[in-house]
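Each structure below is given as structure tokens.
Each of the next two complexes has chain A plus one more chain, namely chain B in the first and chain C in the second.
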Partner chain A sequence: MELTKNITLGVYLPGKSKIHNLDPRTKILAVTLIIILLLLSRSYVAFAFSAIFIGALVIISGIPAGYALRGLKPMLPVLVIMWFFQLFLFKSPGATVYFNWWIFEATAAGLHMGNLIILRVLFLFIVTTFLTLTTSVVNLTDGLESLLKPLRMIGLPSQELVMTLVIALRFVLILAEELEKIMKAQMARGVAFDRGNFIQKTKKIFPVFLPLFIGAFKRAEELIVAMDARSYTGGKGRTKMKTLQMSNADFSAAAIMLIYSGIIITTIIFTPPMI
Partner chain B sequence: MKFLIKTNSLTHCYRSGTKDEVKALDNVSMEIHQGEILAITGQNGSGKSTLARHFNALLLPSKGEVSVKGLSTSNKQNIPLIRKIIGMVFQNPDNQLVTSLVEEDIAFGPENLGLPQPEIIERVNWALHTMGLQELRRENPHSLSEGQKQKVAIAGVLAMKPECIILDEPTAHLDPRGRREVLESILQLNREENITIVLLTHFMNEVIHCDRMLVMDNGSIKIAGSPCDLFQNGENLKKSGLELPVASKIAEGLRQEGFNIKPNIINMEDLVESICQLK
Partner chain C sequence: MSLSVRKIVISGILGAIAILLGVTRLGFIPVPTPAGHATIMHIPVILGGVLEGPVVGLITGAIFGLFSFLQPGAPFFADPLVSIFPRLFIGVISYLVYYLSKRAIDLVSRPISSTSSKESGTLSRSNGSKYKLNMILPCLLAGAFGSATNTVLVLGMATWRGYLPPEVSISIGVLHGLPELILAAILTVVLVQGIQRVRPTEE
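Then we have the complex of A and B:
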């Protein structure tokens, strides 16, 4: 019953590496670029290059490789099922057939499609985890706010959206703790959450979530009053204690990203796709 | 005498105009002096929170008037200035901290005021220093004790450089140690920074440190005066559902048993001294 221990949202490993010290905006933009390139990649060669690049980043950051991969464990069964789905159900006329039974047909096209999807999910996961491992939540939201600022011109309330995110991140832990308290209180009165079949278990969840939601609304109301008392009137007219500053390292990082993008785009054009 | 806050026949009704109308404040006229520590006590539902929320225009009067340094809260244009003069700290620290980093949370108020960056940094440093929180500036409030969280909340208000801080039962959620720490910082703010303090509390052991106290009951002020005087007339307080501080209770009991105990005893030190002089 230790819910707060299982929450790994925004886990950050403090460090002093070159990657940790980059401006969060550089990191957010770089990760976005890597994600776009990953989604465009369709050849094994392109993924191999990305693997080398991301591996190098992880080594520079000094984060233990096991740590970067740890979060994958609960996803593993889903990935395996996805792979089998693609292998047996993806059909492409003229592809080599390895195996055939009833409606299941394992083809070369299915195999490659499965590999492609697994590689993409795997790499996306590692890259985004890498971002949160090397960037604190506060830096991330600051970077996001700064990057989204120009969108104010087209009417997007970017500062308010980021403030919402900041508050949400703060309350995740508080609400997890509250959920734990409610469940323990009910266990003390004889509710056994781990007993019964699926439907019986599901029924027990409702009496837990109702007080949690009511509690959350009460907290929200109190928070609004407190923010009001501290003169919050939305993003307009607000200044910031910290302003982000690009350094030489950020320009080097941009140059490296440019070279990497060039290599990946060249491989995408000149190497044969998986399917 | 300069009044910082003044209410004039203040009446407040919740859900006014409907049939569940509740009169939370009834014709309250009072003033708060610059530089004092005022305690407002009373049972739950006596209207003390409602009254306090009028001081910085979180609530507006149904009838009557509230003015802060001569500025009426009913005039919308005054509200930003009033909120700058009067800061407010609430009961539950978890529900008033906004960000996941102590120093960022303290900067929240000054940022809202639109101050230039160097001034925000200076104020945050000053507030951290004044509340003794320098070591915790890079922490997540979640990892702090309740008392420390409440001190962060006070520092967040302090960084806005208010003339007066209203504290709405700031120690109700705390353990005895946290309670003592928070009370000490509040008293220190009054002493060293000359900030007017309005303390809403249930704890008579906190009231004894205040210059003046008001007892609220049923939406109006029943008793007002210095804690020392009021605790002599224990009967009046009991009628409003309040208890005497421990030292006064013991002194009262000893007097009834025929011991010669000095009048005006409200804290332990005086009681001990008086008992030692017996014999």
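Then we have the complex of A and C:
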């Protein structure tokens, strides 16, 4: 019953590595680029290059690999089920059939589709967790705000939207602690969350959800008062105590990202896709 | 266009709950079907639409979508067209259904209540059956339609993008969509009633 242990999203591990010290804008842009490249990759070679690159990043950042992967634990069973799901149900005409039983048919196309999708999920997970592990919330906010500023010109309240996203990330852990307390309190009253058929299990959501949502809304009201009391305004005329400054390290990082994108784009073009 | 502090904070916190339900797997309820679970992760989005209007519904939906794209619970969510795009509509549709059904009930019940509640005046609002119907039915409908929006659009996009064969989508839609719809409808009613009590003022 340790909910907070497996939550790595929105957690920041302070450090002094080269990656920690990069400008947040560099990191956000780099992660966005990596994600786009991952979505474009369809070959094993491209994923192999990405694996080496991302592995190197994790090593340089000094974050324990086990910690970076911990958040995956609750997802594993779903991933395995989905892999089998793709293997047996994804069909394309003319693909090699491995075996055939009733309506199930395992084909080469299904296998590759399963692999492709699982690889994408794993890499997306690791890359985004990596970003929040190496970047503090304040830096992440400043970076995103500065990057999204141009959206103001087309009338989007970009700073306010970033603030919303940051509140969401910040509150995941706080609400997780609250959730843990609620569940323990209900268990102390005799609710057995892991027992019963699915209707009984479903009924047990109510004594958890109601206090969770009401508690969250109470917190929200307090936060609204606190922000109003400090006259928060998101957008125009807001200045920063610390302004972001690009350094030489950021330019080298940009150069490395360019080389990496070059390699991945070349492999995407020249190596055979999985399916 | 600018957002009020209230909209920023409520969207953020509801987004946090959606993410929390995802990372703890609490938003997945085991049901006896092949894929193994129904989701209630979209409940915060429906609540955002019902309680705070379309803008909060839209932003909460975007956070929920962004999260399910970045930390996918099912592989086809690694495609933003499947994970983010459909989620933008959940809160907006919930709001529309809530607002319209509330208006419709008000219009229909006005002639009856105007004759019966003449003496009791404003008191009829708190103890008559009209009050209950007016509170419960819109939430029930908003929850159901919000959930249906999620099911139909996500599976529709997944099929259109070629991740799922149409017959699989339809069976998931029926096996998962229906329990999700019922659960979402009931939870919306219960949660809205509960949350209304801690909110400062109701206009």
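Heads up, the rule we're going with is that the second predicted complex is superposed on the first by the 197 of 275 C-alpha atoms of A that agree within 3 Å, B and C clash if a C-alpha of one lies under 4 Å from a C-alpha of the other, contacts with A are read in each partner's own complex, and residues count from 1 in each chain.
In this text, a residue touches a chain if its C-beta (ideal position, glycine included) is under 8 Å from a C-beta of that chain, and two chains touch if they have at least 3 such contacts.
Quick caveat, the model's predicted, so the values are computed rather than measured.
J.: Between chain B and chain C, whom does A:D228 touch in the aligned arrangement: first, second, both, or neither?
T.: both
J.: Between chain B (first) and chain C (second), which does A:F209 come into contact with in this model arrangement: first, second, both, or neither?
T.: second
J.: Based on the superposed arrangement, let me know which partner A:K181 touches: chain B (first), chain C (second), both, or neither?
T.: neither
J.: Touching A:F217 in the superposition: chain B (first), chain C (second), both, neither?
T.: A:F217 contacts chain C only, not chain B.
J.: Considering only touches as defined above, state whether A:T239 meets chain B (first), chain C (second), both or neither.
T.: So A:T239 only meets chain B here.
J.: With the two structures laid over each other on chain A, which partner does A:R70 touch: chain B (first), chain C (second), both, or neither?
T.: In the superposed model, A:R70 contacts neither chain B nor chain C.
J.: Which chain makes contact with more of the residues of chain A, chain B or else chain C?
T.: C
J.: I'd like to know which partner A:V138 touches here: chain B for first, chain C for second, both or neither.
T.: first
J.: Looking at the overlay, does A:L156 come into contact with chain B only (first), chain C only (second), both, or neither?
T.: second
J.: Mind working out whether A:A168 is in touch with chain B, chain C, both or neither, as first, second, both or neither?
T.: Second partner only, chain C.
J.: Which parts of chain A are in contact with chain B and also with chain C?
T.: Looking at chain A, the two contact sets intersect at 163, 166-167, 169-170, 174, 219, 223, 227-228, 232.
J.: Under the definition above, what is the set of chain B residues touching chain A in their complex?
T.: Chain B reaches chain A through residues 56, 58, 80, 83-84, 87-88, 90, 92, 94-101, 103-104, 107-117, 120-121, 124, 141-142, 156-157, 160.
J.: Per the contact definition, I'd like the list of chain C residues that touch chain A in the complex.
T.: Residues 1-3, 5-17, 19-20, 23-26, 29-32, 34-37, 40, 43-44, 47, 59, 63, 66-67, 69-80, 163-165, 168, 183, 187, 190-191, 194-195, 197-200 of chain C touch chain A in their complex.
J.: Along chain A, where are the residues that touch chain B in the complex?
T.: 136-138, 163, 166-167, 169-170, 173-174, 219, 222-223, 225-233, 237-241, 243
J.: Under the definition above, what is the set of chain A residues touching chain C in their complex?
T.: Counting only chain A, the residues touching chain C are 3, 6-7, 9-10, 39, 71, 74-75, 78-79, 81-83, 85-86, 89-91, 114, 117-118, 120-121, 124-125, 128-129, 155-157, 160-161, 163-172, 174-176, 179, 198, 201-202, 205-206, 208-210, 212-214, 216-221, 223-224, 227-228, 232, 234-235.
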